[in-house]
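Scrolling down, you'll hit the structures one after another.
After this come two complexes, each holding chain A, first together with chain B and then together with chain C.
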Partner chain A sequence: MLIDRQKALLFAAAAAVRLLLFTAFPSLPSLLAGRVEVSTPVTSFKRLQEGLFLYTHDVSPYDGGVYHQAPLLLPLFSLLPNTSYYPFATNLVYIAVDLLGANALMQIAESGQSATTRLFKSSRNDLRWSSVAIGAGFLFNPFTVATCIARSTSALANLFILMAMAKASQGASITFVFALSIAAYLSMHPLLLFPPLLILCYDARATRSRQAPNAFTFTAIYALGLVVSLGSLLYISSVLTSSWEFLASTYGVRLLLPDLTPNVGLWWYFFTEMFDSFREFFLGVFWVHVASYMPGLTIRLRKQPLFVATTLTGIFAIFTPYPSIADAALYLSLVPLFRHLFPLMRYTFLASSTILYASFLGPAFYYLWIYAGSGNANFFYAITLVWSLGLSVVVGDSLYAALRDELDVERPELRGKEVKRI
Partner chain B sequence: MPPAEGADVPPTPNSNPNIPPITKSAITAMRHPPPESKESLRLRRYVILSFWAVAIFIGLPIWWKTTAIYRAELPLQIMTDWADGKICRPVFPLRISVEAPTLQLQDAHNLIRATQHALDDLNEFSAHHLRLMLADAPLSAANASQQVVISGGPGDRSDDEDIALSIRLIPIETGTAPRSILQPYAPTLDVYYSPNQIPPPSSTGSPLATFIAHELHKIFAEEQTLLAHLLSTTSNVYTAKMKSLSSETVTELERQSTRTLKYAPTYHLTFSLFSPTFMPSSWEIEAALQQYLSPLLETFSSISNFTVDTQVQLYATFSPSIRQPEYDENLKAWTLRKEDLSGFINAAEWPLSPSIGVSPTVNFILYVPDQSQSPLLVKESGANSWLVPQWGGVLILNPAVTGQSPMTLTKDALTPAMHTFSEQLLSLLGLPQSPASLPLRLSTLKRVRAASLLFSASSTLGALARLTKALKSIPIPDNVAKSVDTAIAHLQQSCSDLRDGRFQGALENARIAETAAEKAFFEKSMVGQVYFPDEHKVAVYLPLLGPVAVPLIMAGMKELKSLRGR
Partner chain C sequence: MALLSTVLALRRDPRILKVPPYLSLLCILGGIAWLLVLPLNEYSRSTYVSENALLPGQVHTYFTGSEHNIFRAYRHEVASQVEKSPQERNNHLGDILRSNNLRVATQNYEYHASGRNISNQNVYAVLQGPRADATEAIVLIAAWNNMAGEINHSGVALVLTLARYFKRWSLWSKDIIFLISGDSTSGPQAWVDAYHDSHSPDNVESLSIKSGALQGAVAVDYPAGPWGHRYDKLHIVYDGVNGQLPNLDLFNTAVNIASGQMGIGCTLQRMWKHDDKYQDRLTTMLRGMISQGLGHASGPHSSFIPYHVDAITLQTVGDGWHDEMSLGRTVESLFRSLNNLLEHFHQSFFFYLLMQANRFVSIGTYLPSAMVIAVNFSITSIALWVASGRSTSMPKLASPSKSPKDKKENPPTTVVRRNGDISIVPTAAIEITERPLFLPLAFVLSTHFLGLLPLYIFNNTPKPSLFLAYSLAMSMTSVLPFLTAALLHILRGPTEQETTLIQCFSLLFLGMFLAALATLNFSLSFLVGIAASPLSFVRGLYPAPKGEVEGFATRNRGAISVVGSLLLAALNPVIVIKVATLYWGIDVVDILVKAAEGWHVWGLWTQVVVWLAWWPAWFAGSVVMWSGLFT
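Up next is the complex of A and B:
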């Protein structure tokens, strides 16, 4: 009962904060929606409105070359009253999205999969935060709030990633596959989360039932399920827009990076400088780089699939072509699930100060470059490097901590002693 | 850092999780670390293997696919053969029809055969030969096929043009005979003869036949020289067989060709009126052009098209770099020195745009000097007009005798200027000086242009073939291959048109071939990588891929070593 009351209180408070921000500062949503840190070409709400306008006027939403988001968002948002005049309904939807995301995150926390899995039990598994605290960490994270106020569609993608994780950790197969396929449908790269989450789901089901299901048929069925649900989503989209051209305008843009609007990631600057003849090659290299972490991590940390999935979201926040602070918000909200690793992490101060430094200086440097004209693109790029460095430190440090934690379980006599890599 | 408590700290079995270690510091362990568990060993191999698998099965194909230089297949041998002149030997068979309505058919045949003999004896240039035939010989079996070709379409222009020249044999009773008159505005040579000059059927030569042959040879002499010169300079195959041209002829031809504008399907003509004062402020140029120039341009339309614009510029002084005109007592005129003529055009201030659009511009300048400096002439020759090679012509229009220079230049006042400009235009376009008949000169120009386009397109193809062979690193897109195919097809067409005497078709095909060849040669995307040597690729690849590759390779090698050691 106590938890439920706390949870209700938390949700009410989070909703109130967002409502307050929406109503007290009516220009704030539009201001944030124009910030490159929050809105990327593939998640911007302003671009969504453009697509919506074209869609409601029976023109292909991809005609203008502005809209790069999934087609199914259009009928959803066209049901809502026009945002320019009645933003309230849209705001409520985004608040609900955040609350649902927090709910999913709390379900993950309650499942306890972060510290205790089927094959692994952390020696510090008593060290954990309550689900309400973790939910609060998500809901009151300024990055999450900014994403919600800017009404970026990455809030939706985050929601479905969290839901996929929650359902996988509960072993709810159908909802897991469906949530993951929607997440992949909305922003493509969550598809890479499928193997670790599949293992997570397998472990959850194996724990529940007496006998572990056959791994091969399990994988085959789930992969088929993913293909079917993704395929049907794409098919519905093609029926909706009555052509397959949306593929090139949505996933094609994510893959080939034609829009070099600055963002907090590492790609845009690199590709503005790239020789034209090597552009395709380095696009391939960058994508292979993002994807190459998945198999290695999944194999090495087979026993801690939720941790792999979390680390992958961190890698997405750094290395995907169009990252925004929404991706970082997702990762930073998932990290507290691993409270038991915190004592083993060595660079918490460095990482947190770097991220804080970058989040304050980023907008300032962007202002210097674009508006004041006293800086240049290198200013902003340097600060995005620092931002990515901060996130990478968190990723690397938490990886170290997870491995150290495994070692402690394997060789309890080494607990608390210094180790050295050979 | 060595552990403080002592030697009983073994290293972690697996602290390098997914990212293979970059540096391996050799540690001096006091005791050997405990052996790694089988499972962790296997895990590590899998991890390393997974990274290698991604690199090899995804990375390598991407590298292969994205950095491969696409080279469309080009018919290199054919292109080289064209450039070397191995495929097409341009020949210029000219058909000359003979109209002899008053002659007996047999006599006419005899005459033609005799003339043909005489002509062939005179001709030293095998590629260019004249063939005589009887214009209307309905009964002649030998000429029946030609007759069909000729009468195929009475109104058909191209068939009409197949006849380069027609000879009209006109019998006269009095006056000197034989004599000939070349019609100035029709491709017709009138030959007057007295009936007794018809050769008897048995004889092989006759004065009339020899006369006609000589006349024809004279008419086409300049064309032969032009073509011979063209063939000898552009294609080395003919050099040996060519009749040797005298050095003066060659110099003269060179001079002409430096003057001539490069061939273009469209020329832009600009007529400008410049005056150092406010007068004259208008001219009846439209009417003058209509009357004097339009017919000329129309006759040229089978070779090139023209667009025309005009302008009036007042208070236009000539450039300060040249010496001001001096008054010459003998000539009673103001004079410009000949060496100053090149600086007469004030390029800095006179608005003469170098080129409008893609087509080259030909400028014609009418300069009306100030009242105080009139008449203005060229000192050495007393002339008032000159031609600027490959650029245009200038004419100084001195107002009639004395008195006020008029506010408006009438059409009549412009007449001499228009005549001069027409002459200059013809010269700039490379129209030969002789013969006197304009249609004949035009058709000569057509043949010369067709041949030169043919050669320039062929040599462009050859250059492209050499470029392709020499630079292995440039990409060749599909549209280059397509252009080359177009060029070769039209070259072939043009060559066979020439052989069959269809010169208009030959010119058009050669023009298309030339355009396609130029387009293929100057394709922009081909040159992007020319200045990108292989060393630069190291600079592109290493900074990014080096740091990634080193740990991958080191980890892979270490695992291989341990596998072998076991």
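Up next is the complex of A and C:
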């Protein structure tokens, strides 16, 4: 009851803050939507509007090469009144998306899967924050708020990733597969979250029922389920746009990086500088690098699948081709689930200061480069490096803490002793 | 790895916490000393023109002879318009420009700030360059009123004469726009906003005729009346809004032409007498820094610089033997140089401090001074973070031997074995203390949000109430830290750790803001950094843990807190601004009116820095200092 009231209060406050920002500063959404840190070519709301215009005028939305987002967003947004004149409905949708995301995050927190899984029980599992605090961390994170105000479609992708995690941690396998397929449909790389989340779902199922389901059939059924659900989404899309060319304009763009608009990630600068003959090779290398974390982490941290999924969202926020602060917001909101690891983390101050510094210096250097003309691309790129460094420190440090936590359980006699990395 | 673990082991050393205050002090003194050596020959450089295309002073100027008669006639035409309304005046000026076969248009603008109504009209004419394709343009400006409020008789007449004169040349490869703005700051702002289509149509009329991308702008300020006045020097004004500067090449070209070709001395930053001594160079540099730090519009050129259009104002000063024709020839030669440009200004520096017309330091040389001052806050912040993680029961190194009583209660110890070495250390030294983050973070963040209140009030209060608002702000902000500290004590009684963390986060934010700001507006960052530097040494004083000898500071913490807080109250940004206005003999209301105009018209954000970075840091520091009284 108390939790419910707190939750209602939290949601009301978060919605009020967003409504206030939307109404008190009417130019803020378009300002933020134009910032490269918030909107990338594959998530920008302005590009969505362009696609929407073409779609409502019966032209293929992918003609013109501006729109790179999923086709099913178009009928959804065409139901809403025109955003240029009546932005209120769209704003409400985005507020609702954030609230639903927070709700899913709180479900993850309540499931307790972060500290106690089927095969592993952290020695510090009594150390945790309430789900309301974690929800507040997501809803009042300035990066989440900025994403919501900019109406970037990555807010939707984040929602479905969080829902997939929530359903997996509750063992609700069908909704999990469905949510994850939508997340993958919207932004492709969440597909990599399937193995760890499937393990999470399996563990949640196994703890609930007396007899653990057969691992092989479980995997086969839900892998098939994912293929079917993703396939049907793609099929509906092809019917909607009456061709399969959307594949090249959406996933093709995400895979092959034709649009080198700056963003907070590491790819754009690298591929701007590169000779064309090496492009394919390095595209392969970069993608293999991103994907390679998934199997390694899933196998090594088999006992903590939710931690693997969280760390992978952190990896996505650093190493995918079009990351934005929305991806960082997702990761940084998931990290507080692992409150029990915080005493073991060693560089929290360093990492948070780095991220803070980068988020202030980033816009300053972008301004120097683009508007003042007194800086150049290296200024902004240097700051994106610092930003990625900050996030990598969080990822690396939390990984260390998770491994150390496992070690403390396996070998209690080593607790509190210094360890060395070899 | 071994090195890393040594460094990590070092952070356990209690002595390491003694170093940061000295390090901070070193950073502050280093930053100031760095700035003070800049005027020396070894650290500054002579200016030079980097852009080859400019070729300053390489052309013969023909603006002489009969043009002088025309100028005098136009000067009387201008004088006849003094009493007229802006519309009538601009009709007449427009007719003169039109009679020279130029395309003429007017633009109305009306701004509201501090309850004042700033409205006037600009008139401008476009000369289509005979060799130009209307893709590039340069601007010649004369404001009807100059910055001092005098009527710019000869400046406007000179622009009219030059318009007639330039029209007859066939060599222009860029369009030339002649702009006679209604006033010196808002008029050019309205015009340049409308030129780039970034104006709000409610306040500013759109431009009916335009040309290409602006490559440069030169403003003339020559307020000599209808009977003329011979001047001594050219005062070159170059500060833009928010401390942005024009490309150094433009400045150098102007100096080169005026002093090299025309023999007119050049001066800057109101240094009417400059002997090229250390003292003069330093004064020039400091005046430049204050002007840059305030970020106000310093002339008609200022509004152009945010649009990446390099611009300067040529102002005539003193009594001498140079006449209007030499100024006209200077402008002619300057425009011939600008006409040569093949690309937008980019070769030379955008960040520099000038200390004489031909001596400067570039950003690489001066930036470290602001950076080390910003870093001093970060160092203290890191030290406070480390200190807040220390167990409070940590025994002092020297204390056990002082009295035999202490030996009875030995602190708990732990045996540490490492690489075969064994040592006994107090358990407290290797314990990790959890930090309560909620109260400090909430306090520091809400302090920063609180700054929005005065920001809003001062930007929107009408002029007659501004003095009252400022006096209220002075008294309120002076007592607020004491009240807040008392309230915190009554409600919660923050622990020593929480107080330390408040100061830690506040300094972390301040260091971060100043470091980011140093890249945008070096001077503002430096000045705020200096004014806030004592905050690095502010600590909340708490009684020593039980069983320990109280030092001098902890014993007299009440008195020290009160004295410290009172000293700190003098560094309140509101008081500092008041004292500065008293020192320079300016009315604080004028400053506030200018600032509000800047906020609404020019896009000035100096007040954002004051209220959202400097003031919150001071407030948090004062609360921390006062909290020592209540322990």
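Assume the second predicted complex is superposed on the first by the 421 of 422 C-alpha atoms of A that agree within 3 Å, B and C clash if a C-alpha of one lies under 4 Å from a C-alpha of the other, contacts with A are read in each partner's own complex, and residues count from 1 in each chain.
As a convention for this text, contacts are C-beta pairs under 8 Å (C-beta built on N, C-alpha and C of every residue); 3 or more make two chains touch, one makes a residue touch a chain.
Computed from a prediction, not measured in an experiment: that's the story for all the values here.
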First (chain B), second (chain C), both or neither touched by A:282: first
Partner chain(s) touched by A:407 [first = chain B, second = chain C, both, neither]: first
Partner chain in contact with A:85 - chain B first, chain C second, else both or neither: neither
Chain B versus chain C as contact partner of A:216, first or second or both or neither: neither
Touched partner set for A:374, first chain B, second chain C, both or neither: second
More chain A residues in contact - chain B or chain C: B
Set intersection of chain A contacts, chain C complex versus chain B complex: 418, 420-421
Interfacial residue positions of chain C with respect to chain A in the complex: 1, 5, 244, 306, 308, 346, 350-351, 378, 382, 385, 418, 432, 434, 508-509, 512-513, 515-517, 519-520
Interfacial residue positions of chain B with respect to chain A in the complex: 1, 3-5, 9, 11-19, 21, 24, 27, 29, 33, 37, 43-44, 46-47, 50-51, 53-55, 58-59, 62-63, 65-67, 528-529, 532, 540, 544-545, 548
Residues on chain A engaged by chain B in the complex (per definition of touch): 275-278, 280-285, 288-289, 291-293, 295-297, 299-302, 399-400, 403-404, 407, 410, 414, 417-422
Of chain A, residues touching chain C in the complex: 343, 349, 353, 356-357, 360-361, 364-365, 367-368, 371-375, 418, 420-421
